[in-house]
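Two complexes, one shared chain (chain A), two partners (chain B, chain C).
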Partner chain A sequence: MTLTLSRPRRMTVPRRSFVTKRNIPYLLVLPALLGFLVFKAYPILAAMYISLTTGAGGARSFVGLDNYVRLVNDPLFWTSLWNTGLILVVQVPIMLLFALLLALGLNSPLVRLRGLWRLGVFMPSLTGLVAYGVMFSVILRKDAGLLNWLLSLFGVDPIDWLGSPFWARIAIVIALTWHYTGYNAVIYLAGLQSIPKDLYEAAMVDGAGSVRRFWSITVPQLRPILLLTVVLSTIGTLQLFDEPFVLTGGGPDNSTLTISLYLYQNGFRYFDFGYAAAIAYALTLIVAGFGIAQMRMQKR
Partner chain B sequence: MKGWTLTFVLAAVFGLCVGPFYWLAMAATHANSDIFSWPPKFYPGDQLAANTAKLEESIGLVNVLGNTLFVAVAQTAGAIVVSLLAGYAFAKFQFAGRNLFFVLLLSTLVIPGGVTIIPIFEMMNDIGLIDSFPALILPSLSVPFGIFLMRQSLLAIPDELLDAARVDGAGELRVLWRVVIPVMRPVLAALAVFLFLGAWNDFLWPLIALRTPEMYTLPVALATLQGLARTDFGQVMVGTAISSLPMMVLFLILQKQFISGLLAGATKG
Partner chain C sequence: MINRRGALALALTATLALAACGGEAPEKGGGPVKITVWSWKPASDGLAAVAKDFERTHPGIKVDVQAVGNPAIWDKITIAMAAGGKGLADVLHIGVDYLPGYMDKFPGGLADLRKLGGDTYKDAFAKGLWPTVTGKDGGVYAMPWEVNPVGFFYRADLFEKAGIDPEKIRTWDDAIEAGKTLKEKTGAFLIGLNKPAAGGADMDFFQSLLQQQGAFYFNQQGEVTLSSPPAVQAMTLVKKMNDAGIVADTSGENTTKQLISGGKLAVLPWAAWAVSYIPEMRPEQKGLWRVMQPPATTAGGKRTAIVNSTHLSISGTSPHQSEAFKFVEYALTKPEVVTKAFKEGGVFPALTAAHSDPAFAAPQPYFGDQPALKTFVDALAEGADATYYSGDYARALKIASDAQTKVLLKGADPAAALTEAATLLSQQTNRRLAG
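And now, the complex of A and B:
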């Protein structure tokens, strides 16, 4: 120990080093490039090829667009598309509206203990898939489930959440909303807090009421963030997998089968990699299409 | 008056968000038969030790926790280094192919995870890495979002700061170590929290890539436990509580980093 301590510090005399100003950017970017090529670029191209084949491993044969033709004629694929679309159209607006209201509440100076409430509403978004699945499968039980207990306090009869096609979809919407509302609210809260105070003060001097201030200042100022969350939630919901996977397995009666779940079932239950890859590419097209359309709207 | 109404509404929302966690913690201390009693039990029982012991027996809790922690730490540390280095290159250096690589990197953000999972599985299978920790760690080292976040934050550092160190005779590595990293510390912390959260909770890929129970991470072990015909929910609840708890504690300590990490995640598009 004493030896190392007493050793004189090395002088920073320029020294021929392996790392030079000329090669350093390449060295810096190399690990990322390798990871990108091996685990992103190659798999993306390989999946494209796999989607044109059938069979697995050595016994794979090229079948052209057969998988895509099968996809278009597959009623289950259309069911999964319909379910995903339905959940998207119902869940995203509800959740974002809740999130906005929640953010407005959390931002109001009239409210006590704001920090505590913010802490709590953010917590669900930290939960991992499995923990979340276990919790909700128990919460949503028909007998002795937490949700039915809560509803019973208001005189509502027990609901068979995961047993009927209608209620299973509602259950997915409830679970999704619980999971992500707080997260979106915290994003909105950051947006609200970055709106300059003097805009509101000026409006108050001009005699604008609180409703007027909300529509003429808050909404326009939040617009970019609102659009961002719409895009993110849409893309996320199009790829919806977690909730149906852990709660319903796609049932009952395929009422909660989503595109990503159908992809997983074909790939890792039936080991039909070719067909799963075709579904994955169909999903990519849908996601990219929505993404581009919404970005266009954002620019306008 | 209005303030109190609003406060009450927010407290109710808080209850809906936190209530399930509280109930989970309580359920972990009750026996299987008591967990589904009516009305639900909102007070602690005395079965926590028994449930934990059963969980250790059925999944090897200590081993599984070790696996999870090792994989999550390795993945986070590796991805942080890769992101920082690449972000630094993109922000502060000119090099051939820079813009092309950057655009390609970002364009993969819109591609669903389902696309790459099958080829990566086949690749890992071919080179014999299935059922190993490298199979879990390696694919998550080059994270486009992390690289993007680092680049954006590094762009804000003035070039003069780096040049001043160079004029003083510091080599490139020394500039990175002594100037760049200290300035970047808050952003690195936010990214680390974000990556660790993802790695700790990661489920689908470990489920596919792991075979033997000794290798399982906590989410995979819990899922297999829950899938058993006669599930003992006492131990499942303990396992679930243990898998959520570290994140809650980390969150309480590192609130700021969590929120800025997740907000950065939101603006990645």
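And now, the complex of A and C:
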């Protein structure tokens, strides 16, 4: 068999075999491809069509770009965009900084019971939506909440975390940071461990202090990983849904309404699937725009 | 990250993906016909109890009552209807707030009960309900089951301590004055509202003030009436109460329950369901509560309002519609059956004939031997106005709730906040602003 096949000119395959050397890679990726086509490509294309229609169930009618025109004129969409942008600009840098510090700590040879610490740091990423929501609503309660109790020890008056438009945004930032810092810390930790030790040793021989070693070795070596986490966190935050959904429902007075939450409300609360699909495509464009911009910045 | 992306992917694709994989093949051949009912607890307990009796008298039909849960049931119905009825139960328990949405957005999703004989029961139910189950095409898409007239549950001991005679409270302005005295003498708030609408809108009170005036977010023609004079009047009352410092903020898990157990809420402007709910929640406050009709929004105005109602509908794609209707007819139109469901599931019946059952006139020890249910029966006999929820109620509720939050938290002017809200609602729903 092998001998015959290795001479293409004389390829007289005796029986028609279904599996050939040529098609085997395609056959191997076929199950994944089929899954992608059915569960991803079809819904994505169908959503594109739905975004150009209005109505529901069997009564869809084609309206062209009406939904997109409506989107541009919708004050709530702009509110959701503004809220999402605000959370993005505030939360992502804070979280990534924390994550980097945590990773540095976890990577230190001085730390004992390292496995336990790492598990602890990663644990929040594994917490389910419901448990997470209940826990934070207890922590953030106005009276008898854990956070307000802690603050009261420092003489701070109780804060209405979920009831005030300003503090609700801060509450979302806190919850988000709690949820995803560990996830990023673990990525950084892997990055830190892949930096060759000899770089540090050489620097120490040259007399570089720990701060100098951090800025001149750790940060440049981590650059691709830093970029990865920035891109992932940006995409994640643009699609922010869980936290406002379980904690504030987008309130008070839409101060924590995010794009995904608005999308969900339109689709599943108001049955306005055409409009929801248009929001989804707008979000996709924004995410793609950010992703491309960040990748370009890396290349420079 | 996976969670967030997963959620988006769900939002993007659920309708389509689930359309492809949901659904069961309809059973064929002999044997008893099985009909499935979707409802939620505790109402489903009442329905399950009468389903057993029904199976005994109708040997060819098996009834499976499933407690899907509220609000899970709404997503489940939406998805099944978007999938063309695949996987949908035969009988659906639907609230009046969701019914018009399904009628408008999923034509054919619910069966027109006229062809099954549903319209013969037009006058059997409490006034104000039939228009809400009737579609724009005149079709009948549900049968009323539960009705919740609004009440005014008050702590008789606190009122006495403050020296207030509840009988003298005729208008909400009277109630506000009483509330100030109550706050001063007993420290209790008049009512509680979830001011930031954390965890969901808290608009039942505002809506009941509208409904007392025969108004709502929409009129019968489906035009937006959110900034109409009755709406401004209702929101102004809410603001007056809030400014007087007699509205407690009930946002947060269990806050209402804690306020009630601490004697910090003098009035619960709740509907008929609370007659069984309050004793369950606070058995130790036995004898302290009484109930009367709520005061009117203006002197001499109507005091009755139906805050909500729930109905049984039949799936438009069910292969067993006539069997399903037999069950719905049995469960909802026979006084003794309806009363049994009420006793088991606490669902205040919409069927007028059921109200003459002695259970509705019986003195209740928890309410100081007051016949508490009679207040509501009397209110229904007086007749409430129909409420037009329209297919865009969910959107209207959200927008009205945002307006209330602006008034309560930011001190916004009621008329201005409602005008802004009505404009937004009309823009988002493509509906005309009335008047």
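Note that in this section the second predicted complex is superposed on the first by the 267 of 300 C-alpha atoms of A that agree within 3 Å, B and C clash if a C-alpha of one lies under 4 Å from a C-alpha of the other, contacts with A are read in each partner's own complex, and residues count from 1 in each chain.
In this text, contacts are C-beta pairs under 8 Å (C-beta built on N, C-alpha and C of every residue); 3 or more make two chains touch, one makes a residue touch a chain.
Since the structure is predicted, the reported quantities are computational estimates derived from the model, not experimental observations.
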item: Partner chain in contact with A:M123 - chain B first, chain C second, else both or neither; value: first
item: Which of chain B and chain C A:A46 touches, first, second, both or neither; value: both
item: Which of chain B and chain C A:P252 touches, first, second, both or neither; value: second
item: Between chain B and chain C, more extensive residue contact with chain A; value: B
item: Touched partner set for A:G267, first chain B, second chain C, both or neither; value: both
item: Which superposed partner A:P158 touches (first chain B, second chain C, both, neither); value: neither
item: Chain B versus chain C as contact partner of A:L232, first or second or both or neither; value: both
item: Partner chain in contact with A:K142 - chain B first, chain C second, else both or neither; value: second
item: Which superposed partner A:P75 touches (first chain B, second chain C, both, neither); value: second
item: A:G85 touches, of chain B and chain C: first, second, both or neither?; value: neither
item: Residues of chain A at both interfaces, chain B in one complex, chain C in the other; value: 38-39, 42-44, 46-47, 57, 129, 134, 137-138, 141, 143, 183, 232, 235, 239, 241, 260, 263-264, 267-268, 273, 276-277, 280, 283
item: Residue ranges of chain B touching chain A (in the complex, touch as defined); value: 2-3, 6-7, 9-11, 13-14, 16-21, 23-24, 27, 35-40, 81-83, 85-86, 88-90, 93-95, 98, 101, 104-105, 108, 110-120, 122-123, 138-139, 141-142, 144, 147, 168-174, 197, 200-204, 208, 218-220, 222-223, 226, 233, 236-237, 240, 243-244, 247-248, 251-252, 255, 258-259, 262-263, 266-267, 269
item: Residue numbers on chain C that touch chain A, as the complex places them; value: 1, 3-5, 7-8, 11-17, 20, 75, 78, 81-82, 84, 101, 105-109, 195-200, 249, 251-253, 391-392, 394-395, 398, 401-402, 405-406, 409-410, 424, 427-428
item: Interfacial residue positions of chain A with respect to chain C in the complex; value: 38-39, 42-44, 46-47, 55-59, 73-76, 129, 134, 137-138, 141-143, 160, 162-165, 168, 180, 183, 232-233, 235-236, 239-242, 245, 248-249, 251-254, 260, 263-265, 267-271, 273, 276-277, 280, 283
item: Contact footprint of chain B on chain A as seen in their complex; value: 12-15, 17, 19-21, 24-26, 28-29, 31-36, 38-44, 46-47, 50, 57, 102, 105-106, 108, 110-114, 116-117, 119-131, 133-139, 141, 143-144, 146, 149, 178, 182-183, 186-187, 190, 228-229, 231-232, 235, 239, 241, 260, 263-264, 267-268, 273, 276-277, 279-281, 283-284, 287-288, 291
